[in-house]
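Structures for review follow.
You will see two complexes here that share chain A, one where it goes with chain B and one where it goes with chain C.
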Partner chain A sequence: MYRSQKLSLRYFTAAIVLFGVMILFGLLSALYYLYPSMLFNVFNFSTSKILHIDTLVIWLLMAFMGAVYWYLPKELGREIEGMWLAEATFWVFCAVVAVVALVFVFVQYGSASEFSLWFINQGRKYVEAPRWASIGVVAVMLVFAYNVIGTAVKARKMTGIMWVLVLDLIPLLLVYLDAFPAPTNLSVDLYWWWWLVHMWVESTWEVLIGCVMALVLMDVMGTPRRIVEAWLYIEVMLVLGAGILGLGHHYFWIGTPRYWLGIGGFFSALEPLPLLGMVVHSIYDAGMHRMKTANRPAFFWITAEAFGNFIGAGVWGFMMTLPQINLFSHGTQWTVSHGHFAFYGAYVCGVLAVFYVAKQKIAGVDFLDGRAWRWSFALFNFGMVGMVMGLLISGMAQAFYGRAIGGSTLMAFTQASENPWFLAGMYARMGFGVIFALGYVVLVYDLLTAPRRALVAQPAPLEPA
Partner chain B sequence: MTPAALIETALLLGVLVLAGGGYGGLYSVGRLRARPALVRAGWVCWVAAFAVALVIAVATPLEAGWKLLVLGSAIVYAVIPPVTWRYLERLHVEAERGR
Partner chain C sequence: MKLEGAATRGTRTGLDLTDPNFWRAGAISTTLVMLVVLAFLSIDSMRVISVGGAHVPRYDVVNQHIGYRYDWSRRADVPVIGGAEPLFGVTLTEAQATALVREGKLVIQSRACMDCHTFFGNGAYYGPDLTKSWLDPAWPQIWMPMTGKPTREEAMVAFLMHPDQYPTWNRRMPNLRLSEREARATVTYLKWMSAIDTNGFPANFGQTHAQQ
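This part shows the complex of A and B:
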């Protein structure tokens, strides 16, 4: 095992721990909707939500970095350049995350001052981490970029996947710089803030997970490089074509010019089309390689990614992306439902596949299967589908009663929050959230348990017609 | 847009994409397992998707431009699975030759 793969195991461990923290604060945040005065002025909903969302961003980022550190030596045939720096950075990253989390839990917020901005909370959704910590994230990203590019230069080797990865590092670094300005004009602030949320977390990450999945597909299913690279290029084209201007659906109601309604609606409406192509691709690959795979949990998570992405981003997204609908749905639990499903489908499923790739390597088994991962897979998917259905019902109740009937007044918002449909959806979200959390417990158990050493004869793959 | 029309239109838009996905899924499984009945079931899904698009165009209060986009999307859904499938087959054949 390469030294960088040992580092990636540390990243995976940290990611799994933060995944648990994210679920914990997700459950706590869900409880506030049922018991609004819970922990009032002790530990408010806003802090719980910050911890839920920020840990989501950080655990996925750590998992992506771990995945790249895992596959980079294999792809380039040499150890990572600047390994000691990468190892030191990991501990710095963990320390930064721990300090920020402690500040969020115990200090929570400060006065409206530069000090608060730098050391307590930036107050910008998803990037609440104080500035010193944001600078730390930039430093981590710089080291990561140095590791990737430096290794490629030293190896004197560039594959198609590596080109995409290296080029993706540019926006990965640059767009995050959007975390720093604090304009006082809310429209200007939101205009650039959406670059961070949509371009960084959605578009740039989409390409990053595309690179990771390309490597996983070659590893787990033996898909030829030519095919995964062809699909990766197509994905990049689609991200550039539809994804970037799809950003416009966030600009509908923040005070930007009217033409964003047309641009955002049009390009967002195109987004389900490539996802349909991905569904076809996953079925083709599943059929071609299903019985060949030596890592069944990774294979199932890869397949779940294509379907989860299609339904979460495609179906759920298209329901609410046209401006006439979005006028009523934005900022409700409807959006939350879409966000949960899309993130789960696009990123979480893919990352879980990588965890199982690592597990197989550590365990040293030729064929990875078992019972626990099936339970985890079922609980995660059942829990997620239940949660997003609950959130959808609550969100539609908000849009219907609070926005369309009530006219978006504060009183209408309050009344919609007490509506039986809204509460029923929230109870469902809580219940299915617990099921999702059980899936996490089984996942951790499964990842920590040594698999049975079983060499199973693998039947021939199915041939396409 | 009335409150009821809001929910109906949103659900129709979701069903449109879902039916498109059903078409892609059934078409692909049908081709994979050489079962024409599944491929036909896939086409039934596409017809359902197009019918939903027509309902959206006729019965919802969306603006004309969005209705045209929805109809156009439904038509494009028809070609994505067969074109993708052929492309994948060609890629695999070329990859096998290259080995």
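This part shows the complex of A and C:
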């Protein structure tokens, strides 16, 4: 095992811990909708929500970094350049996250001053972490980029996947610089904020997870590099071809010119295409290998990733991306439904596949299967689909009663939120959220337990020997 | 492994659809073209959404009445800037208005308003959208009588300083310890923001406003 793969395991551990924190504050945030007087004036909904969405970003980022540290030495055939720096950076990263979380929990907010933005809370969605911590994240990403690029230079070797990865890190880092400014004009503020949020979630992260999935496919299914690379380029072409101007679907209502309605609507309608391509790719691959794999949990999670990405990000996004619909759905629980499904399908499923690749390596078995992972797989998927459906019903109630009929006033918002359809969806979300959390418990149990001998044996070959 | 048709034609054109290099060229050129288009659109958008641009008014618009009505040619609700209506009865210079709106933005960020509310539909969905909250009928109908204040802006300040004392339903806003100065700056920000042309968002708000 390479030294950087040990670092990967540390990143995966931290990611799983933060995944748990995210679920915990997700459940708490959901509970506020059912018991609004809970913790009133003591611990605000906003703080709970910040901890839910910021841990989401950080745990996925840590898991991506872990995945890259895992595959980089295998890909380039040499240990990582600047390993001690990478190891030190991990602890710095963890310390920064811990301090920010403690300040959020115990201080929550500050007065209207630059001091608050530097040390308490920036109050910009997804990048609420104060500026000092954002600088920390930039430093971590710089070290990460140095590790990747430095290793490639030292190895005097580049693969197609590595080129995509390195080039992807540049915009990933550049758009994060928008985590710092606080323009007074909210239209300008949100214009650039979307470059950060959209270009991360709908562009650079999609490319990054595409690279990781390519590496996992070669690892788990033995897909030839030539096929994987051709698919990766096609995905990059479609993701960026549709996604860069698909940015326009965030520019419908923030004060921006009207042409964004057409441009954003058209290009974001194309965004499901690469995700559909991934589904085709995975079915094709699975068929080629007659579903034979050395790592069954990883294989199932990759398949879930392909379908989840297409349905959650693609179909659910398309459902509300045309401006005629978005005028009513934007900023309701409908958006939340899409957000949950998309993050889960596009990123969580893929990252879980990587965790199981790592587990197989540690266990040192040729074939990984078992019983517990099936339970967590089922609980996670069932819980997520249930939550998403509940949120969709609530969101549609808001769009119909609050927006279309009520005319989007404060009282219309109130009335829509007391509508039985809205409340039914909220109760469903809470219940299925608990099921999702059970999936997490089983996942942690399964990852921590060594595979049993009886299940380690190779399956009977499909063809008669 | 080549596609049947491509294999025979490939000998003449050199086109091989399973060749990664073909798709790499496609990925690079597509990305570059899209980035260039985005750059031009962004330059134009900045012109429109800068303060004083076609869609975003100057900060001293808070000295004027802000109306809202359906525009048949645009088929969307649009803000209408009217005659003098100074906020808190004081006409501000442009510099004063800018300073106040800037402080309002600092309040909004430091209190993480967008982690309960939405602005232009962006943020969190626990509290109502605030894009047009300055124009909302709830201020004259509910909060002015409740706070006993004679004007909309004073009712807003009273509410923002002690939201826990003026509840209207079971989801209440917590007390975020706004000073009077901070509350006034926030109200100024909300009035300025209501004058931004948002292509008709939020839906049907213009009709409600016209019925007031």
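Criterion: the second predicted complex is superposed on the first by the 451 of 465 C-alpha atoms of A that agree within 3 Å, B and C clash if a C-alpha of one lies under 4 Å from a C-alpha of the other, contacts with A are read in each partner's own complex, and residues count from 1 in each chain.
Definition applied: contacts are C-beta pairs under 8 Å (C-beta built on N, C-alpha and C of every residue); 3 or more make two chains touch, one makes a residue touch a chain.
Quick caveat: nothing in here was measured; it's all calculated off a predicted structure.
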item	value
Touching partner for A:Gly265 - first (chain B), second (chain C), both, neither	first
Chain B versus chain C as contact partner of A:Ala404, first or second or both or neither	both
First (chain B), second (chain C), both or neither touched by A:His249	neither
Which superposed partner A:Phe328 touches (first chain B, second chain C, both, neither)	both
Superposed model, chain A: greater residue contact from chain B or chain C	C
Partner chain in contact with A:Gly277 - chain B first, chain C second, else both or neither	first
Chain B versus chain C as contact partner of A:Ala230, first or second or both or neither	both
Touching partner for A:His338 - first (chain B), second (chain C), both, neither	neither
Chain B versus chain C as contact partner of A:Ser187, first or second or both or neither	second
Those residues of chain A which chain B touches in one complex and chain C touches in the other	226-227, 230, 328, 404
Partner chain B, residues of chain A touching it in the complex	224, 226-227, 230, 262, 265-266, 269-270, 272-273, 276-277, 279-281, 283-284, 287-288, 310-311, 314-316, 318-320, 322, 324-325, 328-329, 396, 399-401, 404-405, 462, 464-465
Contact footprint of chain A on chain B as seen in their complex	1-3, 6-7, 9-11, 13-14, 16-18, 20-21, 24-25, 27-29, 31-34, 61-63, 65-66, 69-70, 73, 76-77, 80-81, 84-85, 88-89, 91-92, 94-96, 98-99
Chain A residues within the chain C interface of the complex	32-33, 36-37, 40-41, 44-47, 49-50, 109-114, 116-117, 120-125, 128, 160, 182-191, 226-227, 229-230, 233-234, 236-237, 240-241, 244-245, 247-248, 250-261, 263, 327-328, 330-333, 335-336, 403-404, 406-414, 417-418
Parts of chain C lying in touch with chain A, wherever the complex brings them together	18-20, 22-24, 26-27, 30-31, 34-35, 37-38, 41-42, 44-46, 48-51, 54-56, 74, 98, 101-103, 105-116, 118-126, 128-129, 131-133, 136-138, 142, 164, 168-172, 174-177, 179, 182, 185, 193, 196-205, 207-208
